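Written below as structure tokens is the structure these notes are about.
Letters A, B, C and D name the chains as they come in the text, with residue numbers starting at 1 for each one.
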Amino acid sequence: MNAEELKHKVTELCPRATYDETGEFLTTLIAAPDLLPVMQQLAKDNELHFDFLFCLTCIDWKDHFMMVYHLRSTDLNHCLVVKAKITDTTNPEIESVNDIWRTAEFHEDEVYDMFGVKFLNHPNLRRLFLEADWNGFPLRKNYTDENMIKL
Amino acid sequence: MFLKNYIGDIFSSIKSLLTGMKLTGYYFTHLKEIVTEEYPDNRGTLKMAERFRGEVIMPHNENNEHRCTGCQACELACPNASIKIVTKQETQPDGKKKKRIDTFVYRLDMCTFCNLCVNACPSEAIVMGQKFEHSVYDKKQLKKILNFPNSKLMEGVEE
Amino acid sequence: MLLAPDHITEEGEFIINMGPQHPATHGVLHLKIWLDGETIKKIEPQLGYIHRSIEKMCESLSYRQFIYVTSRMDYLSAHMNNQACALAVEKGLQIEATPRAQAIRVLLGELTRLSSHLLWWASTGLDLGGITPFFYAFRERETINTILEETCGTRLTQNFIVPGGVMYDIHPDFQKKVKDLIKQFRANYHEYDEILTGNVIFQNRLKGVGYISKEDAISYGCTGPTARASGISCDIRKLAPYDGYDKLKFDEVILSGGDCWARYQVRMAEIIQSLNILEQLIDNIPEGDFLAKTKNVVKLNKGDIYQRVETARGELGVYIVSDGAATPYRCKFRSPNFSNLSAIPHIAKGAKIGDLMAIMATVDLVIPDIDR
Amino acid sequence: MNTPTPYSFASLATGIHAWLRQAISNDTLLQVTEMVITGVCLLVFLVLLCFFLGYMERKVAAFMEIRLGPNRVGPKGSLQIVADTLKLLFKEGLTPNGADKFLFNLAPGIMVVTSMMAVAPIAFAKNFQIWDINIGVLYVSAISSMAVIGILMAGWSSNNKYSLIGAMRSGAQIVSYELSIGLSLITIVILSGSLQLSEIVESQANGWWIFKGHIPVIIAFVIFIIASTAEINRAPFDLTEAEQELTGGFHTEYAGMKFAMFLLSEYINLFIVSAIAATIFLGGWMPFHIGSLPAFNHVMDYIPSFMWFFGKTFFIVFIIMWFRWTFPRLRIDQLLNLEWKYLLPISMVNILIVTAMAIFGWHF
């Protein structure tokens, strides 16, 4: 399925989605509350069948967090990037997608560890890399640490 | 049928095991196949590859002259700040003042041998050296000054 | 990690902590294993023992500098990591490496893949208790490392790739030595079959052990040989060719077994495929520059770049978010081992402790790539 | 056959005995003195033997792995193992917190003592035996199965889960493989009609059992080698140690000299099973004879009997080492499968055949 068809199909699922076609993959921006139902449809729909979540990450844009999901369909071989904006920077929360793609469990743990984004309905949300009592979230732009070295 | 499979299994297993033993037995009896390098003993003949990245060095010629202009391109290129160049103003014979290096500090303990400094150098003043035995008893000894005492900039480099 | 007391064990269970200092975890991986006798009931990986925050470091390094850091992630496919980063930067600059540089990159990449698979083969034997195969594999690996050292200057963490091409031209002896290597490798390959592949003890340790179905492998995000052994076509070299892989003839090895034995066979077949690629390319390196002209200070346009590369362990994704400055705004590495690790608790459920060694050996984890 | 060869130890032993008899009149004291002398000689011999076996293992391993092996300490690295022993002597013998201290310290002792006890009935050379007990075969197999007590003790008292798993594995393993060892020894007991090791050796004067006994004895020999490799916990059956799985198994927590004692007992065990195999299947100190070549046989007779014994023993030691440096390790259930599904049924059928052979006199 090419970008136009994908766009058409995703618009059916989520009319409020906006698109960006500058990158290699079609990028669609949806609101955080819509995320879980849209993702479920994306994975389940026979024409889309995005069964492979190959990258899940988060970007700190200072005034908001942007969750980025890179999806691919292994049999239909098309890709889609889904972005979801989290506007609450003090207590960011979003639905977990680990029911749809099991790999999301670890990736969401990592995002929680590094950005402090809380994933609702996550089975075992924990600090994956850092100690459980670590202060702050290192990949946030406003993170400071007394041991940080500025080159 | 069961018995046939059973005995067949045993014989094929034993055969596969003997094949492996034949190989190890071959090497046990062919000692010239040994590939061990006796490292500290072969120091005399050991030759590192010419591009081997052992450390950053600054070659000086016989007149104690180097090619470093102090442009600090390497310092900027270094990803982990292992190079620090201290410059000074030096009066030339014709009376002009020019920037020259005072000390070229290279911290081997922070270097990752990525070669970016050598790549960045416009005047080929620093190269990668072949020495690889860097162990010392005190970490401070790994902080090196690459330009020799009283060394000068080579003529004609700075154009 | 503290858990509530009632979560810890059930009747008859006990926990062992495998790692962070354990001979079979190949680094500082810590697995918390719930055991019932010798049977594994649950595994919880505890990570972060070698977390260096490479993603945060990359945010303060320039686009030329950040390539070198990635050698330290999956140090066994350091070259491919560098390649992924360089390709991402090139994509952002909308330039392409010169044909000669591309050929050199592919050659070095396949050599690295070969050396990585050899190390995997060696350590698989070692994990299952056979010590001798290790040395046979390292004999060939030594030859490869010497070739890499001669051209790149370093043996493991090469950092030979710069945006637009490679750092230097190949060493004059390179072609001859690679040909010798191919000859040596093909002559010695039967030893690998004799000592390990054909061995009945070894086969019994792998066959039917650590099964993962195709659906589960997709869901857990497995890539590389681990996924291809479950029947997923996921070779980025075929899927989204880069650096001229589309012009080369090689097969994507796909098996449907899904167990340790299938993973083992996929990797063994990939060794042969890598040799084929080397053979095709070694005499056909295009003449020309090895480095395309780039600006001294690399700046990317605002936007996202995602570049995928097939490393020895699977799909490495480099996701760069640029805000137009000289350093990445955000840099995410989608490492193959991280996703493959997440499948291990699922694969190993119900296996014996001895099987866990076979599973970890054939999934082939490199811990620094997980922690980053 | 009864002409004493110039190398015979028998005359030496008799000489010492006669000399001591002159010096000490009290019979009990004489016996105690002789026991002490034998014990000290045995200890020295075993320790030297272990040095040699350790060196041999390293060199065999190295050559099979296309390496040089130890080559720095002493000529060709032969003193490396002495240096290692010295290092182990000076190391601190740690006892982990929470371990059962008494059992923890007792376990290595038990391991060494049990393995040393099994040396007693072995005939090292012609007429040279510490204790020619008339149930020698039974004695050796009984003593060697006691090693499992030491392993279980070490594993349990270490207060370490890895050690415990290793110890439990060894329990299952040794108890199973006892059977095959016993059954394969019984084949020769049936053929020779004696449990006494010296008589078994004498019964091979006209040919070793492995040649006289046709295929059934060869099968018994192979089973004995496999089962005894498992019995002494060597690779590919080293599941109790299983470095890659259990980080060292039952001796994970041991350090220093206590650990060295485990090594010592491992090598003594290796020597004993090889010696038993050499005695029972390969004719002990009996020289190699070919029936119709008297000249050849005469030359063979001139090789001293202890050379024959040690030659055969080290041949089997080498084979067991060869196994170790070739094969990967089995899994615990496969290990038990091998015993209960393959070795045990085969050796049972084998015993039937051998019994028939013995009754009808089919062997040579």
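Remarks
Convention: a residue touches a chain if its C-beta (ideal position, glycine included) is under 8 Å from a C-beta of that chain, and two chains touch if they have at least 3 such contacts.
This is a predicted model, so every value here is computed, not measured.
Common neighbours of chain C and chain D, listed by label, are B. Here C is the chain whose Cα centre lies closest to the centre of all protein Cα atoms. Chain pairs A-C and B-D differ in how many C-beta pairs are in contact, and the one with more is A-C.
Averaging C-alpha coordinates per chain places the centre of chain A 25 Å away from that of chain C. Centre-to-centre separation of chain A and chain B, using mean CA positions: 42 Å. Rounded to whole angstrom units, the spacing between the C-alpha centres of chain B and chain D is 51.
Centroids of chain A and chain D (each the mean of its C-alpha atoms) stand 64 Å apart. Chain contacts: chain B has residues 17, 20, 23-24, 35, 79 touching two or more partner chains. Shown for chain A are the residues in touch with two or more other chains, namely 151. Contacts with at least two other chains are made by residues 61, 132, 139, 195-196, 199, 201 of chain C. For chain D in complex with chain B, the residues that touch the partner chain are 60, 63-68, 71, 322-323, 325-327, 342. Here chain B touches chain C in the complex through residues 12-13, 16-17, 19-20, 22-24, 35, 49-53, 77, 79, 112-116, 119, 128, going by the rule given at the top. The residues of chain C lying in touch with chain A in their complex are 1-2, 44, 47-48, 51, 53, 55-56, 60-61, 91, 216, 218-221, 223, 232-234, 239, 303-306, 315, 317, 319, 321, 329-330, 332, 334, 338-339, 341-343, 346, 371. On chain D, the positions that touch chain C within their shared complex are 61, 64-67, 161-162, 165, 235-236, 238-239, 242-247, 325-334. Those residues of chain C lying in contact with chain D across their complex are 14, 16, 22-24, 38, 125-132, 134-136, 139, 195-196, 199, 201-202, 204-205, 352-357.
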